[in-house]
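Here's the structure, in structure tokens; my notes come after.
As written, the chains take the letters A, B, C and D, and residue 1 is the first residue of each chain.
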Amino acid sequence: MNLDFTSEQDMLRDTVSRFLANECPYDRVKELEETAEGYSPELWQKMAELGWLGLLFPEEYEGYEGQFIDMIIIQEEIGKAVFPNPLFSTVIQCGSIILEGGSEEQKKELLGQIAEGSLIMALAQYEEDGSYLSSGIKMPAEADGDRYILNGTKMFVMDANISDKLIVAANIKDKGLSLLLVDAKDTGITITKIPTIGKDNTCEVIFKDVRVAKENIIGSPGNGLEILEKINAKAAVAKAAEMVGSCKACIDITIDYAKQREQYGKPIGGFQVIQHYMANMLLAYDTSYNYLYRVACMVDEGEDFTAEASALKACLNENYKFVSERAVQIHGGIGTTREGDIGLFYRKAKSCEYICGDTDFHYENLIDKILSANPI
Amino acid sequence: MDFKLSEEQQALKQEFEDFFKREMENAPLDYQNRSPLEAMYGSDEGWEFHKSMKKKLAEKGWLTMAWPKEYGGREAPVIEQLIFSEVQSYYRAPGLDGFGVKMFAPTLMLYATDEQKERLLPPIAKGEVQYCQGWSEPNAGSDLASLKTVAIKEGDHYVINGQKVWTTAAHRADHIFLLARTNPSQKRSSGLSVFNIEMNTPGIEVRPIEYMNGVHIYNEIYFTDVKVPVEERIGPENEGWKLTRATMNFERSGVGSFAEARRSFEELLKYVQTTKRDGKALIENQIVRQKLAKLYIGIETGRALAYKTAWLQEKGSLTFSAAAASEGKVFGTELRQQVANFATEIMGLYGQVEHSKWAHLNGVMIDGYQMSPGSNIAAGSSEIQRNIIAWVGCGLPRFN
Amino acid sequence: MNLDFTSEQDMLRDTVSRFLANECPYDRVKELEETAEGYSPELWQKMAELGWLGLLFPEEYEGYEGQFIDMIIIQEEIGKAVFPNPLFSTVIQCGSIILEGGSEEQKKELLGQIAEGSLIMALAQYEEDGSYLSSGIKMPAEADGDRYILNGTKMFVMDANISDKLIVAANIKDKGLSLLLVDAKDTGITITKIPTIGKDNTCEVIFKDVRVAKENIIGSPGNGLEILEKINAKAAVAKAAEMVGSCKACIDITIDYAKQREQYGKPIGGFQVIQHYMANMLLAYDTSYNYLYRVACMVDEGEDFTAEASALKACLNENYKFVSERAVQIHGGIGTTREGDIGLFYRKAKSCEYICGDTDFHYENLIDKILSANPI
Amino acid sequence: MDFKLSEEQQALKQEFEDFFKREMENAPLDYQNRSPLEAMYGSDEGWEFHKSMKKKLAEKGWLTMAWPKEYGGREAPVIEQLIFSEVQSYYRAPGLDGFGVKMFAPTLMLYATDEQKERLLPPIAKGEVQYCQGWSEPNAGSDLASLKTVAIKEGDHYVINGQKVWTTAAHRADHIFLLARTNPSQKRSSGLSVFNIEMNTPGIEVRPIEYMNGVHIYNEIYFTDVKVPVEERIGPENEGWKLTRATMNFERSGVGSFAEARRSFEELLKYVQTTKRDGKALIENQIVRQKLAKLYIGIETGRALAYKTAWLQEKGSLTFSAAAASEGKVFGTELRQQVANFATEIMGLYGQVEHSKWAHLNGVMIDGYQMSPGSNIAAGSSEIQRNIIAWVGCGLPRFN
């Protein structure tokens, strides 16, 4: 057992932390939220240069063969900064799917481009009824000669508006769920941003007679279910890492505020009720943080982590909301404003809740996994 | 004991119902996808509608129903006020400038000169003016008595310098009633006075505070050498603190929170009955059912408390109703927070969507999710309310 | 609208309160808990003399034609005193069933005896799988000439051990659920107390070839479902009243303690965290109390109160547990002992939770009622 | 970073597992229907079993595995202690007198004379004696420093008068280590001293405190002119307060709570899989499923924190582990409370049944329901723990 980070990991965290503090303070985050792109292409390039985008990929695809835990560190720091960027969609969701199930050609072609920052991607899985289940994916990919034709609507596709390519989950008759690589600029595709509390790039994507060449299936027809479930679990862990980082930032910001803000002649952090709020927030964070790395280690060690991924994400869904809500309450008026930084977290906590599965979805999934591991 | 409304009360309730139902059919969209507070002060269209409603309520005599007869009111019993509040809140209807009608007017009735009363009360009663309340300051929130804005007497006027914050509707208001320090050598609740000031007086600068969802309700107000004639001081100089305690027998049960929550509950109920996910209506989900059950219980028990509060207030039992007003406030705002939490959880991925063509229930639930922390903080934070409940309701010793 | 009690009601409350304070202080409650009978026959006689047992019955059956709300007042005071006695089983459950569905002969014979304190009764409905649903009542009443024969086990029958007669819910073939009057001393009946956290008269009742004359059906065969559902709802309200009273006692006792107990040189009631605990306890009580009387009025006014009964009982299940648990926490060590009075409430809160339906049962029932009142 | 046990650790864990699993098969029934604390001290049979286990643990060297080598220990790393605690707690096994081994022994090692060490440490190490801890008093609970029991020096002995309370196992103990005021003119933490006293000394009266469920764990102890030889004073006179701070590198992660909770979770899981109500297995009920999911998450996240606490403690990071010990305590005891709450809710009517032929899961859940408030109060209440977390963990200013 070794619960310390390597010195490389400490350095990585340090680099990410300093980069984001310098390049994207909270005021800049708020500016980016207001833009149509919702991210900074310039900072995206810098992230590529720093090697973060290819971190998880093998060397032969321009990557650094980093551990999953390295990406968790980056995500945690991104969460502290609530930094808007398409790393999650492009690298953690789509990059991992390609790496997991893509053909050699696809890997060669796409991973390098992702690593160098020239390819942004988005994963289109959910549909109009808002189901998280793979059985909720109804969109057909109709075979038509050497092509598939896509018609229908995908919802809540993160970063579709800035993507070059999409991975679309659709059903091929007699084969089942499949993942198709689609050019986001296809004329049959209409992408519209949905206004959400997270002020992020959540999109509606409408497909009208979009033709996809058969070689643009990731892997082979019908293997979509297996890949999606695995990558969704991994992505849930990575999203949880971001949320853990956000909890930490909420706590640090609020401690500072509670020490400095005075009422009735003493810092509000001296009032016992505020102290107990903060104790509960720290408890929520410390338990979450340590469990995060427990689960991240399972990923790196190749263990089955699907139950734990659900436990972790459900835990963070609740804890991030709890921590950010209490943080706002302790801040008082300023906490409720667009000017105050803490409101950012309160809004993001709510949008993070829905990404990669809400709490009820993960509770159910967790119990299913526990039951199959413990038959009567 | 019985909870039945008398025939007159029933008729009155019906009149309120008919009126608000009819009028709100013409309300701008903002009143369907936002809280009334946001709709009233946050958009021009909403503000115009509020003003027109204010006139209509004034014509019906409903603005001033609780006022003493000598000031043109009809001294309506607290229960009638309660019925009014309940119906108005249920319909999310604007039209009441609470700052003028419920807060400043009683101060005037108690402490103003005859000249001031004649000049200031009729426009409030007729719904012609909008007030805002100049109390909180950057370093005087929960601890109001530490305020620093000064009003120094110079001949026939006062010169005001300082800053107010969290001033709801200041950008819409015609007047502000301001609490400022007229004797800077006195501390805390001593040496304060109250002023009536026109918002267009030179030296007053209103700066918007953007709420987290971008809506403009709150403001900062900067006072730089603002000259206010001595006649605009209400009540004795340096005795302003006691004016902040001026109150009348307005219902303060917090029933509006429960009526608003009931409206949301009904919308949510219809939603889960008619919305399917994974092939099943949401109402078949046991977790959804439990959340609805909890909300129903919160709404009905809170409402029962509000009725009792109004009843005892009517009968002059002020000790109970002082703690009960705090109970109603904290229970009501936290209940609305729970409504917003549960609703946005039940809605799944759609829970995050703000008003747009994709939004379910017009996005009003995620709006509530953003407004609810403000409600837990404004007008006495939940912490202050719980302190009061413990001190007044339980008789526990004050710390500090 | 009139939210005041009548002066007679004030007087009734006063009488009950003083009676219980004098006759059954908490130390006596603890003694009674340890006895096999679990109640005081002597106090039961006094209750009869005070007219409480016949309060709800019409004059022709030796009653006082009181309102339901009067019984609620008594129950509330009983709750404050956590006074162990069979009024709930005998009067509120069985007496109400006889009044609701019994024949004229049954009413004449039994209600007078109940009123004068010479007849104790218990309602045997639940069975071994612990279902609260009427569909969970599986015990058959087999017709055999002019008799029915009962075989099987009833569980969680309150006060069976001290009862003269039982009302047994059983199924008559082709007729359905029926309520049978059975002599508790029948040789085919074996009654055993079940040890519970409430240290009350919760019993197992085993029936072995118990013969019941056909005229001992309450009302007529097959009308048991309707009567049971109505009386169970009413009983839930009455049980909730007891729980409301108990909450009030917890709060009063704890306020006194928090004012008097000092640590770090000041009363613990001066610590903000304790103050907020108490504020939340008072909130739970004030909302519960006022809703109780809202619902009790519905009962007296003949409105359909089944949804409200479930809402009220579910609410008190949670609130009584919450209030009593916090009360123990504020008391510290002494709160966890048998000597300290507050522990009584903590234990009773748990047993009250199960009587007349637990929280999940009432949530489900409430939603069913709301849905049938609000069809799409 | 990795969470894998080394081969040695894995072997050690297996050894603990095998031992406790085997031994607990012969444990008296009390160990199945009550908490270990109750079973150990609450019944004669349980007490005898505890004593026999203590001997066995001593023989294996596990009692003193964390002790310094000079006192016969092997200075086991914190992680090994953690594994031991986890396994022992999972099996609800007795055998450890924490008062002697973990609390009094370190005090002796740091402050006792050589004579005292030689006399007192070996019986503890061999599992031959039982200690109890004489700290709390009727008016000195959370505020320990206000204690009033006096020990007045008279020639070659001290005369002790006063009262202790909440003394776990005093009725079973051979010795008490007592904190008393040797200089009554000094206040609070000054003027206190620590004594080792045999429980059969004349003038000591132990009175049982009956827990709410009737079990006898706690006691009051009355000291009336109890004569204690000067040689039984540990450390310098009037410097006793600092002895209460004596500590060693024992793991204090609270991992035992999570292991106990995991055991309960597994029992509950099996129960809901195999128990039907209304024709359906309980596990099909979505409310039941959510409760289990929440417990699982609490157990696993708490356990992860405990491992980290032990890891940092091993590495000497005491600041973190000070706050973390409080976090583990409050999270662990409140989690066990949640286990008891959820389990007794899930069990429906059977949730209330105490150990008997009708009880489900031997009644252990309703026993836990009654024990959990005690756990939230004993050994530093949840309120005190949260204060410490805020002060040490968050660096917020101490009030008062």
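Going forward, a contact is a pair of C-beta atoms (placed from the backbone, for glycine too) under 8 Å apart; a residue touches a chain by one contact, two chains touch by 3 or more.
Since the structure is predicted, the reported quantities are computational estimates derived from the model, not experimental observations.
A.B. asks: Hey, which chain ends up farthest from chain A, C-alpha centres compared?
C.D. replies: C
A.B. asks: Would you mind telling me which chain pair, C-D or A-D, is linked by more contacting C-beta pairs?
C.D. replies: When the contacts at C-D and A-D are counted, A-D has more.
A.B. asks: Per the centroid of Cα atoms for each chain, what is the distance between chain A and chain D, given in Å?
C.D. replies: 42
A.B. asks: State, to the nearest whole Å, the distance from the C-alpha centre of chain B to the C-alpha centre of chain D.
C.D. replies: Centre separation, chain B to chain D: 52 Å.
A.B. asks: Using the touch rule from the top of the page, what residues of chain D touch 2 or more other chains?
C.D. replies: Touching at least two other chains: 285-287, 290, 383, 386.
A.B. asks: Mind pulling the chain A residues that touch 2 or more other chains?
C.D. replies: 271-274, 276, 360 - these are the residues of chain A that touch more than one other chain.
A.B. asks: Where on chain D is chain C touching in the complex?
C.D. replies: 136, 139, 141-143, 146, 165-166, 209-214, 218, 276-278, 285, 287, 341, 344-345, 347-356, 358, 366, 369-370, 373-374, 376-378, 381-383, 386, 400
A.B. asks: Chain A touches which residues of chain C in the complex?
C.D. replies: Its residues touching chain A are 271-273, 276.
A.B. asks: With touch defined as at the start, can you tell me which chain C residues reach chain D in the complex?
C.D. replies: 126, 129-133, 135-136, 155-156, 194-198, 202, 204, 262-264, 271, 273-274, 321, 325, 328-329, 332-333, 335-340, 343, 346-347, 350-351, 353-354, 358-360
A.B. asks: Under the touch definition given earlier, write down the residues of chain B that touch chain D in their complex.
C.D. replies: Those in contact with chain D are residues 285-287, 290.
A.B. asks: Taking the complex as given, what residues does chain B use to touch chain C?
C.D. replies: 1-6, 9, 79, 266, 269-270, 273-274, 283, 286, 289-290, 292-294, 296-297, 300-302, 304-305, 307-308, 311-312, 315, 323-324, 327, 330-331, 383, 385-387, 389-391, 393-399
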